[in-house]
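Shared between the two complexes below is chain A, which pairs with chain B and chain C, respectively.
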Partner chain A sequence: MARGSTAAPADRSPASASKSAFLWVFGAVFAVSVALSLRTAQVDPRLLVEGSTLANVARFVRGLFPPQLSREFLGLMLRPALETVQISVVGTAIAILIGVPLGLVATASLTWRGVLHERASRVARWGLGFVPYVVSRGALSVFRSIPEYVWAFMFVRAVGLGPFPGVLAIGVAYGGMLGKVYSEILEGVNPRPLETLQAAGASRLGVVLYGLVPQALPNVIAYTLYRWECAIRASALLGFVGAGGLGQQIELSMRMFQFDEVLTLLAILFVLVATVDFISGRIRAWVV
Partner chain B sequence: MYELRSIRKVFGDGSVAVDDISLAIGRGEHVAFIGPSGAGKTTLFRMLNLTLRPSAGALLLDGGEVAALSDAELRRARARIGTIYQQQNLVGRLRVVHNVLAGNLGRWSTPTALASLIRPRGTADAERALARVGIPEKLYARTDELSGGQQQRVAIARVLIQDPDIILADEPVSSVDPSLAVTIVTLLRDLSHESRKTLLMNLHSVELALTYFPRVVGVRDGRVVFDLAPDKVSGELLADLYAGHRDEEAQLEQIQDGTRLYGGACRPLAGFGK
Partner chain C sequence: MARVAAVRRGRPTALWVSAGFGGLLIWSWHGTRVDLGSLFGGEGFRQIATYVGRLFPPDASAATVRDAGVGALETFAISLIGSLLAVVIGLPLSLVATRTLLYHGILYESGPLGPVSRALRIAVYALGKALLNVLRTIPEIVWALIFVFMVGLGPFPGVLALGVHTGGVLGKLFGEVLEDVDPGPLEALQGTGASRFRILVYGVLPQALPQFVSYALYRWEVNIRAAAVMGFVGAGGLGQRIYVAINLFHDHQLLTLILAIYLIVTLVDALSAYLRAQLV
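Coming up: the complex of A and B.
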């Protein structure tokens, strides 16, 4: 203890010197890059207070009211609203189909490490465990590092306009996220109960069923529901690239300057998202 | 039952947990292991319950070399050994009934095990086991809602369902209050006695070991220091066993003074009040 306290100040000064030097350099680089970017990004605060801007904003805000509530319009929007929900449900279902198998293989404790593999040979550990593990980790990170918006853009090119590309986009992007998080949940369980079951002579499946699954399942369900909430928001957004649902209607109305319809559509979207949040919140509270 | 020949365990980081232990333990014997913390007792037990493999030496169970067992034989051998841990090692989110019935996993097929998770199979047995440990009313309680002492009883009920030939208890009473400590030790002793099970117990409390066991093994630095009947275990031997370990030395003084009733095992841990 005494030795540590005498050594500490001597250690600290060079470390803090290099730290503050780093801060200066970093600060300078940051300031210069902001200054340069302001020009390239064409940031011009004067535009915000210019007469034509204000007139545009006023026109837009005035246009929102009163919202379009005619029976005909609402009737027409029923389908896109339903479509948004359906895109999110089917998209999440596909994400689960992608995420579960890849997530299981991407779980080290299931494929090559820990109590379940105590007697696996080195060859089996690598060939049947580690290699698929790395491959599926890689696939999952590719799936989730490309935003669903970009996926939708590509799928629209591939399969044409409509809800289907939206479903695929959510399925692939969210499949990547679900798989990653599933594997983290499974690896994060307390290993002691697993060893206890193994010590009592349980088979590997027995250890999984009585030790791993009950510890992980509530979190897996909760996270899946959370992703479904995100999916309904995303499915509205995906409509902007032509992937169906409410988003496509919002985009159409915007382009036609029918801002009163935009307000109605936003209100419908709000109700949908709030309902889904409520439902999944209740299920999560019940499961965990 | 067990035969250990110069067993040694070195962990991946190079630390030697068990240096050189040779022991023979017969069927139906009751043996207590005592020694300072870090002596290698828990590691020894993990080798005895066949979850950890010795780095060197031979571990024989009923005359057969454990390292030579096939996967299926290893599973069968493990099913004959019931372990009770210091921490309860139960799945908190499962109901008590499933944690108790998990004692069946050594004989159940996977479909049976799965079916029982949905509709518990053999609840009468589970209830009887819980009744033996004094908490029959907790059958359908969620395990993580029980106190530390109650969870330890659930762990014992699971071993009852497993019905092994050997019971290994690794400091089973270090997280329960003093009166319960004696109850649990005597319960395990009586259970083992009536069905002629071999009982091996790690104990932090010297007094519990000397009072309830006919054979006491002192372990220090991964080696057996003595292996004697309790009346042959002198104060000098104990002082040497615990030399340099302050807590345990204090325990010995209190035992000599007669101020402490059940020894160090009864110190309640944080979170486990009476």
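Coming up: the complex of A and C.
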């Protein structure tokens, strides 16, 4: 995402004509979708300045302060806070267990295309390479397209309340994301060293271990750490559907209009997220 | 070579970090009472398999499919308007929360600010930053709960929740882009005697725009997923229907709804990728 782009100079090539045609079409479609969406989403700014809304805002803001800092409450929240960290760690670990094998198989250059397979037979390339490749791509796509909350909700139904369904939900949803990004990283490596190794007579495993892995590892580690940062946020909120952690407490306090407790819980969440971000950021800076 | 040396020097640290993560994992494993043995082979796996089996086949009756379609449209609308609102909130805040635009750097080299004006601008900057932090720190689903409390049930609080949270995220990302623009064109403009406002409009924003679009599209992909679960707290879309289907054990309808989520999320991902290729 963060790519260093600068403004393109205005050119007069034919491409710019088709681009401006595209912009017109895009603009029209965009305007229509926004107009329709405003209606579908029942957007009504008047609601924001209605008396009852303003009264609720005042009640909410007043209720936040002072935050609930009694020793009893903080003591009760310690376990859910730690549980949130634990869910994120184990969830990410399971995501790696799911993402690595699926990601490897979902990498075209490892299973059926390019340098490694120049000498493989046609049948081997398609039967042993292409079919598993398509299947694992499909699995990864399903895993990551269904949000972790929906996974958590279903796992709660399947295995009961508690942290376990939260772990599974993060494992599956993030496994899908890790697998996809791992395969993108592996596709993106520079093929030169692999070709050199192969020319030197290295076996396929040798090419992977000494050519591919060293190039890909820093990015793989960095992205996994980034996902851990996302996982701590997610695991804090999976409690909304009964999967342990702080979320359950936030929802309870919110529903009972105990806004002072909500403020404390949000502060705890902030500290947890900031700590994980800090640790992960330090390690990322050092790895990449 | 410098890299090799760095890696070699870093080796004890690598060991420590790995050991730390190992410890963290064992502690967490213990704490969450995860039992992989029972998951792969035993009780847990059978429970999941039974549950998945119960979901099939998806309910393809006209009523359910129509309901899923309406929910998907609503989710799409929430994500689209929510993301737009986020740009509307994030863009002005990012301008205020960028040091190089407000009081520091190239723009202020030729005509330094008076002390009062400078102090005021620093205060505005600090306020903008703090506001962005608050918006960003509170997760969208908590914002959704808050807005449901304030304006009532329905998709509108979902839109507000996405707009406010994502506004904070985009404000931060936009600010980073603004601070990183190439100073060359700004200096050239300054050389022509352009005002600060003109330098912003003709020098800074054209450079930043492609990345703004790219970030906004990326957040749209995040938001379609978030919009799909807003309904869990009463903020409309597919989530609300999924919540009902799970709680009432309407398993076949649930599968239809999940397929709808998969389709709408995949569609938005593809759209976003296409637009990024065309626009950026």
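The criterion applied here is as follows: the second predicted complex is superposed on the first by the 245 of 288 C-alpha atoms of A that agree within 3 Å, B and C clash if a C-alpha of one lies under 4 Å from a C-alpha of the other, contacts with A are read in each partner's own complex, and residues count from 1 in each chain.
Going forward, a residue touches a chain if its C-beta (ideal position, glycine included) is under 8 Å from a C-beta of that chain, and two chains touch if they have at least 3 such contacts.
Model, not experiment: these values are computed from the prediction.
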item	value
First (chain B), second (chain C), both or neither touched by A:G206	first
Residue contacts on chain A - larger count, chain B or chain C	C
Partner chain(s) touched by A:F155 [first = chain B, second = chain C, both, neither]	second
Which of chain B and chain C A:P132 touches, first, second, both or neither	neither
Which superposed partner A:V34 touches (first chain B, second chain C, both, neither)	second
Chain B versus chain C as contact partner of A:V57, first or second or both or neither	second
Chain B/chain C common contact set on chain A	none
Interface residues, chain A side, partner chain B - complex	115, 118-119, 192-193, 195-203, 205-206, 209-211, 214-215, 218
Contact set on chain C toward chain A in their complex	10, 13, 17, 24-25, 27-29, 31-34, 39, 44, 47-48, 50-52, 73-74, 76-78, 80-81, 84, 137-139, 141-142, 145-146, 149-152, 154-156, 158-159, 180, 182, 206-207, 209-211, 214-215, 218, 225-226, 228-229, 232-233, 236, 239, 242-243, 246, 254, 258, 261-262, 265-266, 269, 275, 278-280
Residue ranges of chain A in contact with chain C within the complex	1-8, 19, 22, 26, 33-34, 36-44, 47-48, 53, 56-57, 60, 82-83, 85-90, 93-94, 141-142, 145-147, 149-150, 153-155, 157-159, 162-164, 166-168, 233, 236-237, 240-241, 244, 247, 250-251, 254, 262, 266, 269-270, 273, 283, 286
Chain A partner contacts - residues on chain B that touch it in the complex	49-51, 71, 74-83, 85, 87, 89-91, 93-94, 98, 102-103, 105-108, 110, 113-114, 117, 158, 162
